[in-house]
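You will see chain A twice below: alongside chain B first, and alongside chain C after that.
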Partner chain A sequence: MSLDAIPIHVITPPAGEPGLTGNAPPLLRELAEQVKRLLETGESSAIDLSALPLTPTDLDWLHEKLGAGEIAVTLQASGESTLNETACPGIWWVTHRNEQGAVTSQFIEVAFVPELVKAHPQDVAIGLENLELMISDL
Partner chain B sequence: MQGPLIDTLARQGVTRRTFLKYCATLASMMALPPSAGRAMAEAMAAARRPSVIWLPFQECTGCTESITRSHSPTLEGMIFDMISLDYQVTIMAAAGHQAEEALRNAMLENDGKYLLVVDGSIPMGDPGYGTHGGHSFVDHLQQAAKGAAAIIAVGTCASYGGIPKANPNPTGAVSVSDIIKDKPIVNIPGCPPIPVVMTGVLAHYLTFGSLPELDAKGRPKAFFGETIHDRCYRRPFYDQGKFAKTFDDEGARRGWCLFELGCKGPVTYNACATVKWNGGTSWPVESGHGCLGCSEPDFWDAGGFYKALSVPADPLKLAAAAAVVGAGAGVAVSFANRAKKGAAKKAHQPITLADLEK
Partner chain C sequence: MSLDAIPIHVITPPAGEPGLTGNAPPLLRELAEQVKRLLETGESSAIDLSALPLTPTDLDWLHEKLGAGEIAVTLQASGESTLNETACPGIWWVTHRNEQGAVTSQFIEVAFVPELVKAHPQDVAIGLENLELMISDL
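Now for the complex of A and B:
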């Protein structure tokens, strides 16, 4: 029997398009679970995108599906970080970059407010001290 | 400087958010769950800096260069804020008797608690091959190891003997783990090692109070869990059978697999393919040269840098074998294998790839 007897159709992905691996869609279900948990218990969670086998196309697909929300936070801390709300409130797309602008890590965070945005009580206390010093100098 | 680390960092203009961001990235690199980043930041921010004693033996200072000159001083440079580096001859201001006194004081004050970092192999042939202040390297190592909580062997020389141990090993060079048997030892091989691996091990120690999980060769699994080949961006070409045959042919220009040009990626466990070098700019294979296997034992005698590996890679089998062997037992096994390797060397038998892979 020659190979021609077997109906094989080779589908070549369009040039320049590495294609989707199929690894992105299950993440949406995981996110749904995490959002449910956030609503029920208030527990925040995160998915480390650099730890998963996702191609740039997969990431684009995910980014597109989740869309853009109302809030975009930019953090300047040894390179720029962006913490952007997606079209699904409670889901944040977090990208950390180094001083050269290269992405060092990428997360999807499920929280009412991303952890990094909140001011730490100790830092607030230091701010208060400075404020009081300022007032006493008036 | 005393007090919690976060205060030290604040004095140097490193904000809490910068630190949190750094920890999140570090946790991601170490394949820890995302929540570990915050746990790490909390623990490290409050941590008192542990005393670190750094002993150089038969080395070229390349390891120190790799770590102190990493591109972003606010990141890897932080390790020097996380620790109290009490003795490091290359970068310390003190010299001679003052330096030796600093070493003695650090050992006395932090007895049983300090971390001992070693770079370079130890010559066993003649004590005169390497001395500090009239004492042989092996005496120094044994004395400093006594009061150490753990030992970090930085670089291939300290981990496995490295280039000084290459045939015919004129100084009788051995690794730290060949001499010290009663302390936890982490090997961070590489010639030089990747800076973030060192930072990761220190961060793990500061956060969890223990050393990270190790593989059969005493290396942190988080960074040495997979081969260069497994994570190489040229891997698809290997799978398609597309190989560069010379360094200037069509295949080389197209960025095909360098296996036939002697790349040791399939048998080398390291994180170069993912972490890369020079702040994530590039790494050897990306620049067009095969992996030398510099983080594997006896890489210098592995049959030539430009000679193709004779057996096809079977990373799945190797990874499974590495995963099965527990950390503690693994170290013992690696000792046994190294002893066997030593015997083979004495009998003037060439080291085979199979020996390398044990």
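Now for the complex of A and C:
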């Protein structure tokens, strides 16, 4: 049998990876606008990923494009939340999980620091009272 | 042999646990002052534990008194740093390690959020340029 007799099928690659809806790239443009606003006015913002028509492949694509930064935060409060800086400083990937570890919501937050990481003055005031009680018992 | 014949030695407990120098309790009082200042003026502060005459037992005692909070931050930058909220909101236990994992310094920071966790505007601006380049290549 000569090589010429082997049927050859030219396979055209699909326009995008299967599972990519095309909804993710506009999100990157929206994020760039939000980062610009953060720098200009200090205003933070967030995109609720659970509320958008994104497939797991879209989310993986976004995750890969944004990359991983140096800072990772975990917050334990009726389930674990992770707030991870991306390779674009000021853009944070935020995942909330319930007590069983299932993801309940995902956000991309644009902020110098995510709101949840900050101690709130009223909690600090309560903590100070407890600390002063502890000191008086020493 | 009657019970009366058993020699009884009354052991007086030592004044403090061995290894406790007595230098740690004043630190708690200093921290309470710093938290008060944070609430009143917003001013952050830090105590460099490596610069104080504290034994490992003193540090364990302080760690135990301050307790563990809900937020834990890791920062990867030529060695891992951990910035852990204590049970007193606004008080963070900060440990810096070198690339070999050895502790290089320890601080107690009093702040709504530790300075190192915040994205710096100039890094955000550089990140935005990279993001815009990435978008133009899509």
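Keep in mind that, in the parts below, the second predicted complex is superposed on the first by the 120 of 138 C-alpha atoms of A that agree within 3 Å, B and C clash if a C-alpha of one lies under 4 Å from a C-alpha of the other, contacts with A are read in each partner's own complex, and residues count from 1 in each chain.
Basically, contacts are C-beta pairs under 8 Å (C-beta built on N, C-alpha and C of every residue); 3 or more make two chains touch, one makes a residue touch a chain.
What you are looking at is a predicted structure, and each value in this text was computed from that prediction instead of being measured.
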{"item": "Greater chain A contact set [chain C / chain B]", "value": "C"}
{"item": "First, second, both or neither for A:Leu28, with chain B first and chain C second", "value": "second"}
{"item": "First, second, both or neither for A:Ala46, with chain B first and chain C second", "value": "first"}
{"item": "Contacts of A:Leu20 with chain B and chain C, given as first, second, both or neither", "value": "neither"}
{"item": "Partner chain in contact with A:Cys88 - chain B first, chain C second, else both or neither", "value": "second"}
{"item": "First (chain B), second (chain C), both or neither touched by A:Ala77", "value": "both"}
{"item": "Touched partner set for A:Leu59, first chain B, second chain C, both or neither", "value": "neither"}
{"item": "Which superposed partner A:Met134 touches (first chain B, second chain C, both, neither)", "value": "second"}
{"item": "Partner chain in contact with A:Asp123 - chain B first, chain C second, else both or neither", "value": "both"}
{"item": "Shared chain A contacts, counted only where both chain B and chain C touch the same residue", "value": "75, 77, 120, 123"}
{"item": "Contact set on chain B toward chain A in their complex", "value": "6, 14-18, 20-22, 24-25, 27-29, 31, 33-35, 38, 72, 74-75, 279-280"}
{"item": "Parts of chain C lying in touch with chain A, wherever the complex brings them together", "value": "25, 28-29, 31-32, 35-36, 38-39, 65, 70-77, 85, 87-91, 111-113, 117-121, 123-128, 130-132, 134-135, 138"}
{"item": "In the complex with chain B, residue positions of chain A that touch it", "value": "45-48, 50-51, 75, 77-78, 81, 96, 98-100, 102, 104-105, 107, 109, 115-116, 120, 122-123"}
